[in-house]
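Scroll down for the structure; my scribbles are underneath it.
To keep things simple, chains are lettered A, B, C, D, E and F as they appear, and every chain counts its residues starting from 1.
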Amino acid sequence: MFFHQKRLINEIPSSDPDPAAANALQEGLGGQFGEMRTMMQYLFQSFNFRGDALQFKDLIQAVAIEEISHVELIATTISQLLDGSPGYKPNGSATPGAGGATPLAMAMSTGNIHHYLVGAQGALPVDSAGNPWSGSYVYNSGNLPLDLLYNLMVEATGRLQKCRIYEMTDNPTARATISYLIVRDHAHQLTFARALEALGVDWGKLFPIPEFDASKYPEVKELMDKGLHLRQHHFRLDDSLLGELFVGPAADGSGDLDLQDEPPKGAPMPLSPERIEEFSPGLSDEMKKMMDELVGAPA
Amino acid sequence: MFFHQKRLINEIPSSDPDPAAANALQEGLGGQFGEMRTMMQYLFQSFNFRGDALQFKDLIQAVAIEEISHVELIATTISQLLDGSPGYKPNGSATPGAGGATPLAMAMSTGNIHHYLVGAQGALPVDSAGNPWSGSYVYNSGNLPLDLLYNLMVEATGRLQKCRIYEMTDNPTARATISYLIVRDHAHQLTFARALEALGVDWGKLFPIPEFDASKYPEVKELMDKGLHLRQHHFRLDDSLLGELFVGPAADGSGDLDLQDEPPKGAPMPLSPERIEEFSPGLSDEMKKMMDELVGAPA
Amino acid sequence: MFFHQKRLINEIPSSDPDPAAANALQEGLGGQFGEMRTMMQYLFQSFNFRGDALQFKDLIQAVAIEEISHVELIATTISQLLDGSPGYKPNGSATPGAGGATPLAMAMSTGNIHHYLVGAQGALPVDSAGNPWSGSYVYNSGNLPLDLLYNLMVEATGRLQKCRIYEMTDNPTARATISYLIVRDHAHQLTFARALEALGVDWGKLFPIPEFDASKYPEVKELMDKGLHLRQHHFRLDDSLLGELFVGPAADGSGDLDLQDEPPKGAPMPLSPERIEEFSPGLSDEMKKMMDELVGAPA
Amino acid sequence: MFFHQKRLINEIPSSDPDPAAANALQEGLGGQFGEMRTMMQYLFQSFNFRGDALQFKDLIQAVAIEEISHVELIATTISQLLDGSPGYKPNGSATPGAGGATPLAMAMSTGNIHHYLVGAQGALPVDSAGNPWSGSYVYNSGNLPLDLLYNLMVEATGRLQKCRIYEMTDNPTARATISYLIVRDHAHQLTFARALEALGVDWGKLFPIPEFDASKYPEVKELMDKGLHLRQHHFRLDDSLLGELFVGPAADGSGDLDLQDEPPKGAPMPLSPERIEEFSPGLSDEMKKMMDELVGAPA
Amino acid sequence: MFFHQKRLINEIPSSDPDPAAANALQEGLGGQFGEMRTMMQYLFQSFNFRGDALQFKDLIQAVAIEEISHVELIATTISQLLDGSPGYKPNGSATPGAGGATPLAMAMSTGNIHHYLVGAQGALPVDSAGNPWSGSYVYNSGNLPLDLLYNLMVEATGRLQKCRIYEMTDNPTARATISYLIVRDHAHQLTFARALEALGVDWGKLFPIPEFDASKYPEVKELMDKGLHLRQHHFRLDDSLLGELFVGPAADGSGDLDLQDEPPKGAPMPLSPERIEEFSPGLSDEMKKMMDELVGAPA
Amino acid sequence: MFFHQKRLINEIPSSDPDPAAANALQEGLGGQFGEMRTMMQYLFQSFNFRGDALQFKDLIQAVAIEEISHVELIATTISQLLDGSPGYKPNGSATPGAGGATPLAMAMSTGNIHHYLVGAQGALPVDSAGNPWSGSYVYNSGNLPLDLLYNLMVEATGRLQKCRIYEMTDNPTARATISYLIVRDHAHQLTFARALEALGVDWGKLFPIPEFDASKYPEVKELMDKGLHLRQHHFRLDDSLLGELFVGPAADGSGDLDLQDEPPKGAPMPLSPERIEEFSPGLSDEMKKMMDELVGAPA
């Protein structure tokens, strides 16, 4: 059973709208190696888990649960980056295209026109080239060493792609989330690497992938200085066997793995204003009045 | 931020393996109107929510969080139904196809050969005809009345399809989960119907869809007798505004809506044995020994 | 602008339900070389037509319009073949799965379970292997000789596949429609072959494809004896230039092309009964009463 | 059986080429909520219709037939918007890339390069992000109230998306068709809303969706002043029972529903010139001479 | 530049037709982890290779070239297994459905009806559940350690799936090819494992995946006894640097890697007879006569 | 069995990076009518070939083998066009995004962001609109005249699309490969046209498609002056029956078909430098040292 708390797993600083950055981040949400895929892959692996090596099930599921929060984080980030990008200022009549105006004209030269035409300046379950997410991405062979090897590779690809996105934009909203995910994908590489070490592999100097001095990325450095790349939570309301595996020196030699029972404190959830040029939320004054009568004014 | 508890949202009774039923249930998991879709659709709608009518956001998200537990429930059910269906009994040598034997021969005449060839007698993110789940299923227009109307329709289609699955199989494992989801889809119809009532709609006698005497299904009757079709939890670790909307008489005239802060008590998670004819989990004796040395014998 | 008449382009004799035949016919409806594709391909070619050789536009569009009626014919045939295949006889209580019964059990061992789970014993826009129809099937290069060559090939493939379906089933309902379409695909081969003859090609003995003595198929023979493979209507309420091209000896040497202004007389549209095991149409007694009050008893 | 008339259902004014607008309109043609989808969805619903409430069948089919003409209208509009956009002026030699020139260079920075590379400045069966249309869009549950509810939602989404497209471009060719479809989607909302009213629903102030003062769009106002949002034709050459349902006050309170037996008068079909930089139609002088000998000069 | 020799890379013994086995083998041809994918993945990786560590390029390309021959081998095997499965014996008239007969009736209850309806008892580029092969399967990140890790995982999954197919059928034609590919996937695991050893990884006891005593499969044992799991050819007409990496003890401890300059001797290519019930090849007597006049009687 | 030689089938001159041209060329690689499709289509047709008209098998396979080299040629061309397009110059620290720099910023406004985010400035198996290649493109009906007719049409479409690409860019690297493929598609048209002539067709003046004076394209003229459009190799290490069919005057009247046993001499394979902003190849100094110790310095 799953539960939710109204806190983001990491803070999203605000900045100017940036639809190009938003579109690049879609790869990290709905791409073949994005958060929707890791979330679904690890959930399926834990639901279908076989055998009594339940430490591995708990290890996989700990990451799985975290990935749901990553989906929330990156979707919210994309939504924040898109919000307000048309720069529409409603006039008195408050009718978006009144008199034949074109407040959404910019949508035709943006990364993905669907952000404005299908969604309402919000995240979509697609990649940065517009391909919808597919269930065929999910890998769950049922063979544990193989599933772990695949997961390791997925996390390495995730970090690689996010490092590339980092190099595409310096928007601080985008960078905050991307840097956080770079560090968490690093941690997840170490998690799955550790699981395979328990089965006898010695990784030598292979990790992290990609190999480079990530501390040159200022936002990443800040998080690594806090040891975030070595830490793992289990995100459970009950017990977890994760700690039986997630111990000892990390596979990249950067320190000791750090299991924490307490989840991160989290950050407040940003609110998104109405965007009437999108007819969103599209409540008429009359509807709002009815609703107010029913429930009182919103908090 | 999301959290997990090692309890299933409803109990899964055990029974004989039944791959045909498992395949029919795939529609409820990975089909266009299955639980993966409702989960993702409502999550995206809540992540991209606009405006200050936050009762609606909390209403949508309450159902969203529950749907993740439904994905867990139905995936686990499918896994249980598939488990052991080849009827393979390892001989002394414990090598599945030893001497050229064919322990997986039944896979060639089953609903979806991928259950044995790609997965290891476990659930897949596909529908009952084998199509992978697609991100294009997710609907999130950003227009609140429209999103609510669509959600209502999705829940009605979900209940319709699950009633049809009920009529396809009398396997008790399959029926337990299908009946539970019939009743919960009923509840979710009432939830979204209620949200639209708050915006002024009077549904007359339209609900529930499909219209029929569901109490003739014994497993469904048992759950409805407990009022499960009128109840909604918020599945939050903090507060929810759901209660401001989810009050008063249900749209189908069957009673009063029943908001509960406490989630269901849940049921124990079944364990799945190794299936060596699938090389799952595929740990060698040597690997197990290494692991035991590391962590002690598993619980 | 398009119009409709409540007549089928060819008669569908009734017979026993036959879901396997229905599924084979799906290839002719929603397959890569089925009627949805020819319809859409020729419609797009006529909408995007360039240049003043308007005889070719009218030739392509004449076939396009006919294909819409073929979609209607084959969809209705599939619907008729599926109708009643579960053999469900409602008992007094008229609740399909009452007491836990499984009236749709046969759906789990049929060609496409979606015929019962997603649709209500009706045709689907998919092929015989369950793949949904795709817009990528439509070919419209804008180069007229090339479009004609492609159309010719599509019609030849259509006839080939339908001859193969003919050999799969002797169900008279299926055969009536398949045989009609074999003959019409033959006629369309001659139509496009003729258009390319007008551009200078001499086909020798290539047609029809596949080459064989089709008069050995009794149902096909009957239609060919009437000259249906040589005939073309324009299906227009106004004028057509088709006749300027569709004249002279047919490319297969079987006779003279026969342009007819009058469309076929057509056949009555079969009615489909309620199927309550599918909750179709799902009107409650109360709804029916309301409707009767509104409009009087149905005709 | 279907028929055609060489008239467009609404007039398309000519304007300068506008490939960006053309691409936005692709959503209305080949998008998940575009005209190809409504056309196919309603056709399948009418082909598979069950039960004796044939007024509903005729209501659904009336809209279905109209949608084929909408596909023709919007495809032709896109074709007109693309036509001539490369601005190629053939020189004496009339060979497009003669001497190594690049008359199609603009295709590399346009909305969808396929408009020039795969098609010949013509409409494609894809959405505005380039995804091909899919048969999985078609919804036909066989449960009548549910199908009507879904259709209502599709029409509301169609109007929403077209209002957004209206705000993206002020090209008069694009706007004429988009405004017409906004008004017709409005009418279709009222049509399906009315059908559900006959089953007992009272919609309150929900319609039209999206809620706003559409008369601020000048082109839309002109059509609504004529009452086009309240009108429905049956597009049949024989009788229709549509009138038994389509009567009385409209669900949005804007007036009385207006059934008309006579279809719109329609508008002339524009002709598209040769585009030799696309090798379209690609008839050589020799081919034209052969054809002229055969049929005489074209009309 | 690529070249071909009319020899199969391994022998295919003949046996009775076996369409179920043919369908299972489709996973190994057109599945997500089948030979078409490894072929394309390694070809793209070698075409896009960066940097001067050309030993790795040659290593990847050596396997890539071999995979083209594997595609040929498994496609030919599927074709052989399907050939003649309808059991059609042409009568005197040699017209397949003469008199209304149904020689292809078995196609409706086979694994994939497309084998008879779309193809002519031949292999298709689809997986065992009928999904067409997709370019999205190809992984080529450009990061060499990551690409090698992914390739290793693909080969392990390939061997896993082929072991499962082995357990599904004892058809000797199917088994010959499956066993050969089990051994070659084993060899390719060792190849990519070796490449990563050169970068510093020590695999411990991880290989081969899946871990089990494969010598219990008689057909596999025979090939392993010849050392085929340790051997690699470069399949080049010129030089290769593969030997600089492919040396020393294998990662699974089973012996020394064995580089061979000479490719396998190969086996004769089976011929497939005409199948007139499929209209294949569909040459009329007249066409054959024309052809004979042109080229003389076929060899 | 297949073999490879380290020579490109045609030379690729170097030029400045040109990502827009690279993206247009993707249509020729991974598009519905690109080289991957012809390669796969003809390979499947030859693997599944039926009957004893083996000249046709050898004719189809000769083109098939050549197409693998075309895939290599166009993939390498795309890779060359993309290489270096970000213009990144590593600074002393050699960390791509050091200090928060954005060396890949240009990726967000390029044809396909995946060229930089998913690949490392290399070719992808997708078309110019970003759609992944699909197995559903492959046509292999098993009916020989039909397969030949389809192949002819594919080659004509290939030439049409490549002529359009020629008109989009004057980049000399792009043009060299496009012009070569225009001429080879021309030759393949003549090859399949010839095969159908052997079955009795007289093509008149239909070829080549598209019809125009291609000698006005300077790069094409140069190749046609050498007779490359009339030539065919068999690319076999053993014998071929191609010559029995590929003789006599070409179907376009431009000369005599010219069979050559010797393949083209080929051109050297360009090398691609490391791109550290892509972490490609991503070998650390330590890894390089290990490798050097193992194999000595690279050649």
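As a working rule, a residue touches a chain if its C-beta (ideal position, glycine included) is under 8 Å from a C-beta of that chain, and two chains touch if they have at least 3 such contacts.
Treat the numbers as computed from the prediction; the structure is a model and nothing was measured.
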Exercise. Can you name the chains that touch chain C as well as chain D?
Worked result: B, F
Exercise. From the centre of chain C, which chain's CA centre is farthest?
Worked result: A
For this session: Please flag the chain sitting at the greatest distance from chain F, going by CA centroids.
Result: B
For this session: Call it same or different for chain A and chain E: same when shared residue numbers make up over half of all numbers used at their interface.
Result: same
Exercise. Per the centroid of Cα atoms for each chain, what is the distance between chain A and chain F, given in Å?
Worked result: 38
For this session: Could you please state the distance in Å, as a whole number, between where the Cα atoms of chain A are centred and where those of chain B are centred?
Result: 23
Problem set entry | Where chain A and chain C are represented by their mean Cα positions, the distance between them in whole Å | 47
Problem set entry | chain F, residues touching no fewer than two other chains | 32, 118, 130-132, 134, 136, 141, 143, 145-146, 160, 199-200, 205, 209-211, 278-279, 282-283, 286-287
Seminar exercise, completed: The chain pairs that touch are A-B, A-D, A-E, A-F, B-C, B-D, B-E, C-D, C-E, C-F, D-F, E-F
Seminar exercise, completed: Per the touch rule above, chain A residues touching chain D in the complex are 93, 95-105, 107-109, 112-114, 116-118, 130-132, 276-279, 282-284, 286-287
Seminar exercise, completed: Listed in rising order, the residues of chain C that touch chain F in the complex are 32, 131, 134, 136, 141, 143, 145-146, 149-150, 152-153, 156-157, 160, 196, 199-206, 209-211
Problem set entry | Residue ranges of chain E touching chain F (in the complex, touch as defined) | 1-9, 30, 36, 40, 43-44, 47-56, 61, 65, 68-69, 71-72, 75-76, 79, 118-126, 132-136, 138, 140-146, 198-200, 235-239, 241, 244-245, 263-264, 266, 271-275, 278-283, 286-288, 290-291, 294-296, 298-299
Exercise. Hey, which residues of chain C end up touching chain E in the complex?
Worked result: 20-21, 23-24, 27, 31-32, 111, 127-131, 160-161, 163-170, 175, 205, 209-213, 216-219
